[in-house]
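What follows is a group of structures, each given as structure tokens.
The same subunit A turns up in both complexes below, where it pairs with subunit B and then with subunit C.
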Partner chain A sequence: MSNFIFQALNGLSSAMFLWLVAAGLTVAFGVCGILNVAHGSLYMMGAYFAFTSFQILGLNFWLSLVFALIGAGIIGFLMERFFLRRIYDQPIEFQLILTFAFILVFDNLTKMIWGTMLIIPTMPSLFQGTIPIVGRPFPIYNLFIIFAGIAVALIIWVILNKTWWGMKLRAAASQREMANAIGINIPMLFTAAFVFAALLAAIGGALSTPIRVCDSGVGGAVIIQAFVVTVIGGLGSLKGAFVGALIIGVIGALCTLYVPFIELFVLYLIMAVVLIIRPQGLFGGER
Partner chain B sequence: MKKMTGILGIALFLVFILTPAVNAAELPKVIKIGGQGVTSGSKADYGHQMIMGAQMAVEEINNSGGILGSKVEMKFMDSEIKAAVATKNARYLVKDWGAHFLFGIDSSGVSMALAPIMPELDRILIICHGATHKVNEEAIFKKGLRNTFRISVPTYQDGTLPAMIFKDRPEIKRIASLAAAYSYGYSAWEMFEKTLKKYRPDVEVVGKAEAPFLHMDFTPQLNALMAAKPDLILATPWGGEGLMMLRQAILLGLFEQPWFKVWFQCMGGSIDMAEGLTPDVKAGKFHGKLWATARYLWNWPDTPRNKAFVAKFREKFGRFPNYSAANVHTAIYAFKKAVEQTKSLDTQKLIKALEGMKVQAPDGERWIRPEDHQACYTVPAGHYVYDRAVCPNAYLSDLVVIPWEKYYRNPPDYKLP
Partner chain C sequence: MVLEVNDIVTFYGQSLVLDGVSLEVDKGEVVALLGRNGAGKTTTLRSVMGLTPPRSGSIKLLGIEIVGKVPFQVAALGIGYAPDDRRIFPDLTTEENLLLAGHLSKRKNGDWSVERVYNLFPVLRDVRTRKGGFLSGGEQKMLALGRALMTNPALALIDEPSEGLAPLMVAALAKAIREIRDTGVTVFLADQNVRFCRKTADRGYIIEKGTIQYQDAMKNILENEEIVKKYLVV
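== the complex of A and B ==
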């Protein structure tokens, strides 16, 4: 039983990274209607910005997170304002081509700026070490990730449900024309929503640096998993993204423990079953 | 009659002498050699080290008069460790750029994809890193794809060698695998398990986990293995993935567990890993339990030839040479030797020259086995230590040297040694 609990906790920390990326993907699609396949690149940029500020500029861990958010926020703003805004009314193929082009641009940009070698950031001293859980050492940082992921989920919930801006966002997501008619500045709202989505990706990337590496190809790997999460949870549903991330993270970890050689098979089987039984995803349609 | 025979003999002798000279004269002014390896992503250092090794060899050769007077020109491409990209690169290098010889290749899958197209391209490929035994045992020996050679050690190094080392450690009874989920990882583990069990029937496999290519989060796999409390884990994920995995293992406190004795990181002796592991080795986080091998080690053997190679490499590039650099360097010299022997760029003649060739590598002589085109040489294994007086990076020490004859599988049956 202790193995089960311990592994589930590990899965939970993995799930939180997935959640942060999938949440941004969901916001961009749910509000702006943009299927941003370059969302993983924003995660990657967040990781590189955090590394640069923490390791090179010598900022502390928390300031490096802020630095990563500012950097990714600016990129998100530029992407939406000067590129994506022009194709909102175009078929989805245009979005896919444009955002795929962004993947190539960002991958090569990181190679030009940070080089092609992988970068290995160090663990902040604040989070070094383990604490015993069910008699086994559990990394403090992984525990922090679990709390951070849940905190972000709560913050998103509060923003969307308890603030005036969140109400406007939900209004624009469900009835764009009607929201526009009642005086909501839709272009500005879309820009803000896309920047918010970029921030979510960036915080995931920035938080990943102490235990993973910065690498120009990491965005592609992340986005595949994020799409699996959103397909299971329902594209456009934040609740679905959270539950989907938990399913992929925790079940994936438990499969590694009990049926290690069919872990990926099980995860994709879950996705296939969801697609067959409920093609819109578990929470598809809910915003 | 005797006079006629004598004249004929002299004529034949002259033809014999002059023919090579004619062929040498037919060599182009520039001999083009095309390399490819991974130069982007988490394993990029392997390709960059290949470039460094190739640059060094090309400069040395050109500064000493080229190959029979022909200058050597090198072009290197990023294979991205993708079979499709590597195949496209190989075709470009030969058909468009005009390469006379190909070298490099980091992965087993890419090696297996290129071997079948080399006869069509009518060029020789010398693999310098990709390790699957299927290249030499199946593609070359059984299928007869004889344009491909390998100058680096195969998976015998990753599976059989550690088994030969740890069979003599009676306290190691519970073993587990953390495999890269593709040919290389599976082969290495299979060889390790079979060989160890052959000598030590009391050994028990208590855990198996695997991770796909370019995996990032190994904590579920590590936790699953830790639950089984193995004495030894044999791990095959390499490069950046290997570093992430070891970092996550430290975070989980694996190396602090009293029951855990050895982590064998198959290609962990590579320079990118040594550099990345240095802070943790220095801080004693592995407790002397991290073992590794490689496909060449800069600190073995302690010979003037190897020392000179390392010193020159460091002076030129400011880093220690990885095995991918040393192997590419050796591959280019093997090609040079073959051209000098045959005085030709004819692929079939070069193949014959390379079969059974003994070529000098920085770490000594390598014999290219004629049956399966596999270079035979010894690389030791050791455990990681840090000593600034020896090296600014962590390095493998207390090296265990087992001659290659004891751990290589051999044709025709490729039975375990």
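== the complex of A and C ==
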């Protein structure tokens, strides 16, 4: 039983990375209508920026996080302002091709700048150590990740439901033209929403560097998991992204403990079952 | 003049919808645009709002040229728009729909408030916490109009206000539109319900095949059987 609880907690911390990536994917899709295949690359850029500022420039953990957010925010801004904006009214294939091209660009850009080396995790001294949970040492950092993920979920909820900006996002998400006609500067709102989505991915990437290996191909791997999460939760639903991430994170972790040889099979099986029973996803069609 | 539309030509995709529409709305007037389905009423309003920009011609709001401006700029200059299909923000509550429009208003001198909209349409007060997507068609119609007013417009553009409403609600809406006019908002509405326009509008334009065919005071239009038969009776 203690194995089960311990491993479920581990799963919860990996679920938070999935949540952060899926949340940004959901914001970009829900507001701008952009299915950003390169969203995992923004996670990767967040990881590389955090790694560079922490391990190479020697900044502290929090400053590295800020550095990663600024870097990814600028990239998100440039992507939306100069590329994605041109294809909002085009068929979705154009988005897939363009954003897929961005994966290739970011993969090779990281190879050019950082080489092909792996980023080996280094735990900041701040988070070193463990605390006993069910009689076993649980890393403080993993606990921090769980709280950080939940904190981000609360922040997103407050932004969407309690601020004017969030109200504009909710209005523009479902009635873009009417939102424009009552005075919302839609191009500016979309840029801001996309940058916001990029920041969510970058938080995930930056927070992953102390415990996860990162290389120039991680963007593609991350986005596939995020798609599984959003398909289960319902594309466009933040609640769905959160629940989907919990399901995949925790069940995935438990599978590695009990049935490691069929872990991936189980995850895709869950997705297939959800698609058969509820093709719109668990929370699809609501917001 | 609040609104001067001069010889606008508007396409919807490849098809010509407005073939040189000209009209004027003076301050304090309620002006109706009448015509059958497909005559070009909605497109005229969308052209003014910048949602379907005209290819040529001029549209002036309070003397300022607005052709070439995008909708949120037109809204900021003082046009409140209530579309025929309502376009309520479904994820926002009734009150949030109104508050957002008020927040976005660039004309802070106006004095529309949520309370005032509720007084105009008491039904909305009862559904203030309900999400827009769960309102009835009639409630959405009123909310769309209330939302337009919350932007404190100099000119309210109202598309098909009476369409699909029960007769009792049509009467209430006619009364509301006169009240809106009395508060100093100029109204330009498009509708095909002649009796509704008779109750609300001072003047009327009749549009057919994308051009204005006739204009007169509303009461003269109704007395002119030939015109009514030719352009308005289905």
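Please note the rule applied: the second predicted complex is superposed on the first by the 286 of 287 C-alpha atoms of A that agree within 3 Å, B and C clash if a C-alpha of one lies under 4 Å from a C-alpha of the other, contacts with A are read in each partner's own complex, and residues count from 1 in each chain.
One rule holds for everything that comes next: contacts are C-beta pairs under 8 Å (C-beta built on N, C-alpha and C of every residue); 3 or more make two chains touch, one makes a residue touch a chain.
These numbers come from a predicted model, not from an experiment.
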**Asked** So if we stack both complexes on subunit A, do subunit B and subunit C clash, or do they fit?
**Response** fit
**Message:** With both complexes overlaid on chain A, does A:I146 touch subunit B (first), subunit C (second), both or neither?
**Reply:** neither
**Request:** Report for A:D215: first if it touches subunit B alone, second if subunit C alone, otherwise both or neither.
**Result:** first
**Message:** Between subunit B and subunit C, which one contacts more residues of subunit A in the superposed model?
**Reply:** B
**Asked** To the nearest 10 degrees, what angle do the lines from the C-alpha centre of subunit A to those of subunit B and subunit C enclose?
**Response** 150
**Message:** For A:A253, using the defined touch cut-off, is the partner it touches subunit B, subunit C, both, or neither? Pick first, second, both or neither.
**Reply:** first
**Asked** So, A:R170: does it touch subunit B (first), subunit C (second), both, or neither?
**Response** second
**Message:** I'd like to know which partner A:K111 touches here: subunit B for first, subunit C for second, both or neither.
**Reply:** first
**Message:** Let me test your reading of the model: by the given contact rule, A:I133 touches which partner, first (subunit B), second (subunit C), both or neither?
**Reply:** neither
**Message:** Contacts for A:N185 in the overlay, against subunit B (first) and subunit C (second): which applies, first, second, both or neither?
**Reply:** second
**Complete:** After fitting on chain A, the minimum C-alpha spacing between subunit B and subunit C in angstrom comes out at 37
**Item:** Residue ranges of subunit B touching subunit A (in the complex, touch as defined)
**Value:** 39-45, 48, 208-210, 212, 214, 216-217, 219-221, 223-224, 226-227, 239-240, 243-244, 247-248, 251-253, 256, 272, 276, 279
**Complex contacts: residues of subunit A adjacent to subunit B** = 3, 6-7, 10-11, 13-14, 17, 111, 116-118, 120, 122-123, 130, 136-139, 141-142, 208, 211-213, 215-218, 221, 252-253, 256-257, 260-261, 264
**Request:** Would you mind writing out the residues of subunit A in touch with subunit C in their complex?
**Result:** 164, 167-168, 170-171, 173-175, 177-186, 287
**Message:** Which residues of subunit C touch subunit A once you look at their complex with the stated criterion?
**Reply:** 49, 51, 70-72, 74-76, 80-81, 83, 87-92, 96, 99-101, 103-106, 147-148, 151
